[in-house]
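The same chain A turns up in both complexes below, where it pairs with chain B and then with chain C.
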Partner chain A sequence: MSTQFSKEELERYSRHLIIPEFNINGQRRLKESKVLVVGSGGLGSPLLLYLTAAGVGKIGIVDFDVVDESNLQRQVLFSQEDIGIPKVEAAKKRLQGLNPYVIFETYNTQLTSTNALDIIKDYDVVADGTDNFPTRYLVNDACVLLDKVNVYASIYRFEGQVSVFNYLLEDGTRGPNYRDLFPEPPPPGLVPSCAEGGVIGVLPGIMGTLQANEVIKVITGVGDTLSGRLFVMDAASFETRVLKLGKDKSNPLNGENPTQKELIDYEQFCGIKTTERVRQAEVKEIDVFQLKSLSENKETYQLIDVREPYEYEIANLEGDLMPLNAIEEFVGKISRDRKVVIHCRSGVRSAKAILTLEEKYGFENLYNLKGGILDYADKVDKTLAKY
Partner chain B sequence: MEILTFGIAFEIIGKRRFQFNADESLSCAQLKDQLIKKYPELGSLSSVKLAVNGEYVEDDFLILPDHEVAIIPPVSGG
Partner chain C sequence: MSKLIIPTPLRKFTEDQSTFESAGKTVQEIIQELVSRYDSLKTHLLDDKGNIRSFVRIYVGENDIQSLEREQTPVLDHEVVSIIPAIAGGLD
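The block that comes next holds the complex of A and B.
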């Protein structure tokens, strides 16, 4: 027997039911479908809200994070009172209130090579709203290995990308996937995340909503999906393009000579465990408590802040401002005869600065502030704004 | 040819779109080499495929003077 709707459901979905090409059959396909949303952040928020409102039968939500105040600028799924609560829990509560006819399953965990196949196998479509390259390759590979469609979106500052990967084509083959578009991850540290590079709040709203629309099209068969095409947009200049994308013969998953038949170590693949990280770990460090006692004991030391002036304005430790990209211009102002503590937001840029100063200019008195001003705000001075 | 940049390519080059005047038609691989000479930081993006006139193409594709070339590196935010 085909899926039935109650009177209340028919009334709730009536604006769908009267679209000629959508009608009750499209609504039935939605109700019969299971969608997994990986990441309930900027993209996940509109995705989950619209998929829930639209009446997808079952929605899985994967996220290991808790709601943070800095999420609320764009993650419209959450409210002030959700701060500190696991995202999946806050999301389920809000979404169940929006549509009682949807079944939710939550996974308060990080998607990994160990659990990905097991979680994804029970769903028809996956929507990737994750925020890092290792997980993007993981979601892609798991979807290809399990023959699932992967509806993709990704954002950066004012820019977004949307596509539909591994879509089942009429001839029975699968459309291009993430590895056809980006065969290799960028070198680690080159492309900043939203936390590092920032993002305009409405951008994930735009991209996640387009992503939700593609999920609905994939499920119902209405319209033409973005399979084989990449939508790219810069919201600042309003440049948009839809680019045709083909399959890459050398795709290791399903190219002409597939070499990869299972999930791999994606942190390693994306070079997170690289020599650069190891080198950065070799710089001398002090922690935030040691910095505090330095200043309390009136020891002579120099504090240098290698962030940008606009970050200094948000919060600072009254260090000497010498932005990383111009650090070499300040070499003459860096002390050589006392202890020098260098800090940034979280400790990555300051480690880079120290490596440059040690290798090119022979400094031996530089100490990296472990965890940066964020850690200082957490543990020493709670009046400082975290960003 | 006109070059359109996105993501980290935009940040490295500093221009969203610009004219790149080549003496003759270039393959994608040759264009990448010339751009990397001018902007060495692009070297770390050498595996990024180029889209010419709205379509992703291989490295041996020949770009003509009236083509638009888009450089779209991956972004990871969500």
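The block that comes next holds the complex of A and C.
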């Protein structure tokens, strides 16, 4: 027997039902479908709100994070009172209030090579709203291995991309996937995450909404999906383009000679090498309390801030500003005869700066501020803004 | 002249310029002109052998140069060349 709707549901979805090519059959397909949304942040917020409102039957939500004040600039799913609460919990509460006819399943965990297949296998479509390359490749590979459609969107500052990967085509084959678009990820550090590089708050709203539209098209069969095409938008210049996306014969998952039959170590694949971490861990460190005691006698040390000027304006420790990208131009201004403490936001960039200065210029008096200005704001000076 | 669109993650190497005008007649000529103007961009766009790196794609109009003549793809006057980089943001 086909899926039935109550009077209340028919009224709720009436604006769908009166679109001739959508009608009750489209609504029925939505109700019968199961969609997994990976990441309930910037992209996940509009995705989850619209998929819930539209009447998808079951929605799974994967996120391991808790709501933070800095999320609310764009993650419209959450409210002030959700701060500190697990995102999946806050999301489910909000979404149940929006549409009681949807079933929610939450996964308060990070998607990993160990759990991905098990979580994804129960869903028809996956919407990827994650924020890092290892998870992007993980979601892609798991979807290809399990024959699931992966609706993709990604953002950076003012720039966004949307596509539909691994779509079942009429001839029974699958459309291109993420590895056809980008066979390999960029080296770590070239493309910062939104946490480091920033994002205009409206952009995930736009891209996540487009992503929700593609999910609905994939499920209902209405319209032409973005399979085989990549939508690109620069919200600053308002340049939009739809580019053709083909399959890559050398795709290791489903090219001419597939070599990959299971999930891999994605941190390693993305070059987040343990050796680099080990090298960074070898850098001499001081903690925020040690810096606090040092700061009582400013003559004895130099404090250097390797962040960008716009970060300095948000909060600073009155260090000498020498952004990491241009650190080598400042070598002459770095003291060699007293202790030099170098800091950034969280301690990663400053460790890189120290490695460069030690290896290329022979410095031996450099100390990394462990945890960066964020840790200083947490433990020493609570008046500093965190970002 | 044809126009090259530089994506946000690479603009830190192009003095924040989002476009680049070039008289180059092929993708290769245009990219060479771009990286000789902005030297630090080179390692992010090209590998040791001078090939386009695998985390960026180059389009002429709406077509991937991989489906055309790769770096030798001709670029006509007023055509738009796009560099499409991998970006990963979304969650936080």
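Just so it is clear, the second predicted complex is superposed on the first by the 378 of 387 C-alpha atoms of A that agree within 3 Å, B and C clash if a C-alpha of one lies under 4 Å from a C-alpha of the other, contacts with A are read in each partner's own complex, and residues count from 1 in each chain.
FYI, a residue touches a chain if its C-beta (ideal position, glycine included) is under 8 Å from a C-beta of that chain, and two chains touch if they have at least 3 such contacts.
These numbers were taken from a predicted model, which means no experiment stands behind them.
A simple residue count on chain A separates chain B from chain C, and the partner touching more is C.
By the document's definition of touching, both partners, chain B and chain C, reach A:242. When the shared chain is aligned, chain B and chain C each come close enough to touch A:131. Of the two partner chains placed around the shared chain by superposition, chain C is the only one that A:325 touches, whereas chain B remains out of contact. By the touch criterion defined above, A:297 lies against neither chain B nor chain C after alignment on the C-alpha atoms of chain A. By the document's definition of touching, both partners, chain B and chain C, reach A:154.
Of the two partner chains placed by the overlay, only chain C lies in contact with A:65; chain B stays clear of it. Once chain A of one complex is fitted onto chain A of the other, the partner contacts of A:383 are absent, as it touches neither chain B nor chain C. Where the contact sets of chain A with chain B and with chain C meet, they give residues 39, 41-44, 128-133, 136, 153-156, 159, 161, 181-186, 190-191, 193-194, 197, 199, 204, 230, 232, 234, 237, 239, 241-246. Interface residues of chain B facing chain A in the complex, by the touch rule stated above, are 4, 6-8, 10, 16-17, 44-45, 47-49, 51, 54-56, 70, 72-78.
Of all residues in chain A, those touching chain C in their complex are 39-44, 63, 65, 68, 71, 128-133, 136, 153-159, 161, 181-186, 190-195, 197, 199, 204, 208, 230, 232, 234, 236-237, 239, 241-246, 248, 325. Within the complex formed with chain B, the chain A residues making contact are 39, 41-44, 128-133, 136, 153-156, 159-161, 181-187, 190-191, 193-194, 197, 199, 204, 230, 232, 234, 237, 239, 241-246.
Within the complex, the chain C residues that touch chain A are 5, 7-9, 12, 18, 44, 53-57, 59, 62-64, 66-67, 82, 84-92.
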